[in-house]
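Just dropping this structure here.
So that you can tell them apart, the chains are marked A, B, C and D in the order they are listed, and the count of residues begins at 1 in each.
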Amino acid sequence: MNNNDVLANSVVAHMVENDAFSKWMGIEVLEIREGYSKIKMSIREEMVNGFGIVHGGIPFSLADSAFAFACNNRNNLSVALDTSITFAKAIHPGDSLVAEAEEIHNGRSTGVYVITITNQTGQQVAMFKGTCFRTGKKLIESGSL
Amino acid sequence: MNNNDVLANSVVAHMVENDAFSKWMGIEVLEIREGYSKIKMSIREEMVNGFGIVHGGIPFSLADSAFAFACNNRNNLSVALDTSITFAKAIHPGDSLVAEAEEIHNGRSTGVYVITITNQTGQQVAMFKGTCFRTGKKLIESGSL
Amino acid sequence: MNNNDVLANSVVAHMVENDAFSKWMGIEVLEIREGYSKIKMSIREEMVNGFGIVHGGIPFSLADSAFAFACNNRNNLSVALDTSITFAKAIHPGDSLVAEAEEIHNGRSTGVYVITITNQTGQQVAMFKGTCFRTGKKLIESGSL
Amino acid sequence: MNNNDVLANSVVAHMVENDAFSKWMGIEVLEIREGYSKIKMSIREEMVNGFGIVHGGIPFSLADSAFAFACNNRNNLSVALDTSITFAKAIHPGDSLVAEAEEIHNGRSTGVYVITITNQTGQQVAMFKGTCFRTGKKLIESGSL
């Protein structure tokens, strides 16, 4: 693992530690690299909407966490500006979802990421695009590495 | 209240009854009319992300519920296709949010809605746009009115 | 007209003067205020796509010009990051369109604008949302006012 | 070339023949397959905005044409509902752009496509996402193949 990926993992470990809502969702980190993240979660009964399928907020939240873990992991605190999600297939309790965030653009002040969500059979169930603003602040001190 | 608004309220009452995730969020319905909804929620500590501010999935979920309550309430089962949200201000535990959904387009097969989220001081904290596909199926039987 | 609106009009006059593509489209400025713009155009035969209706790029371009005239007019050079457009009704040659840009958020580094496009009968044909990044550079010198 | 790709090419040939605005842009078709398209264009001086860079409506229009050529080419007339575009790099006169449309979702009533635009040096300059509604109407008669 190169130094940038070591930093990326340290930053995300710090983020996860304090992320109450990602904990409620049961998010598990699979892989972190510079500008990249891959995470997973399982769908529970308490996540359904009035139609018995998963509330749209759940896949959005999963993708938004993957986005945050990818766009912040150079230790440059970044906040979401604009995000969009397209729903391609219904998600049900018991499904296991993986979200993978890839960096499309890494600018000085902004970044753009695409997150794809696939289910346990490999089908793409949603696609998310996020744009962030980079504040220039650090998330962790270098000494904490 | 005219007949369409009576139907709208019956449909949303049915939706809310079965919506486990909206219940977890603590969503309260303020007003329902044909093609329109207004709902509220309070932000709790367990909804924050790794930065101590609210996880982006929470305002998205609130807006997505308002969207669902507005776009389904003619008793024509509608599913979200595309949604986007722009974040304008950070949200903190203790904040009280109101989401108001307005219908921009009511087509035979599709609909477009804009949801604005304001906080307890009247500041707009997020803006959501959603497009749905209308399936033509009913959510409740006429007899259930 | 207050000083900010005078500046807004000067900035947009400067932008229009050099905007070759807005000229090709035949865009006419109706009203400019601080953070606001209203412009119009007429649809010509050369703007249609393979279905005989207007190419989606035309209403997008009209909205994008209204966005630019609104988000730059405090004389703070701003560039588009993310934009989305929802199409509600088909547009035909001979139609006359008005685009009105309103400011949803005016941050130090970013701004968010909603542009609605209506046709000659007052129907809303499209809705556009744009997020810009503010560079801090000027478009015109104060002396040019 | 299989039968579906033969049909795809026939449909797009028919679309291009009548697409006045794509002609004005100078769009050239590079490759068409079922649910896929790749097209190119060159940027001219008359396509710039008031800042001397390309008007955002131009890359949008290029992507929108690629979207239309991909989502219609099963001979199922489809109309754009929602589109979004993220701008990653400025585009200048003289640049040569390629847009490639890939199918993310091919539903009975809707489809989702991602279009990436790259310049002559291989840099990604914009990313577009489009959702369409499928009308079930044909664009060309089978006899015309």
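Quick note on the criterion: a residue touches a chain if its C-beta (ideal position, glycine included) is under 8 Å from a C-beta of that chain, and two chains touch if they have at least 3 such contacts.
Predicted, not measured: the structure shown is a model, and the values here were computed from it.
The greatest centre-to-centre distance from chain B, using averaged C-alpha positions, is reached by D. Chain pairs B-D and B-C differ in how many C-beta pairs they share in contact, with the greater number at B-C.
One finds 23 Å separating the Cα centroids of chain A and chain B. In whole angstrom, the spacing between the mean C-alpha positions of chain B and chain D is 33. Chain B and chain C have Cα centroids lying 29 Å from one another.
Multi-chain contact residues of chain C (touching two or more other chains): 81-82, 84, 86, 131. Of all residues in chain A, those touching chain D in their complex are 84, 86, 88-89, 104-105, 107, 112, 114, 124, 127, 129, 131.
Looking at the complex, you find that chain C touches chain D at residues 14-22, 24-25, 45-52, 55-58, 60-62, 64-65, 68, 77, 79-87, 90.
Taken in their complex, chain B has these residues touching chain D: 81-82, 84, 109-110, 131, 133.
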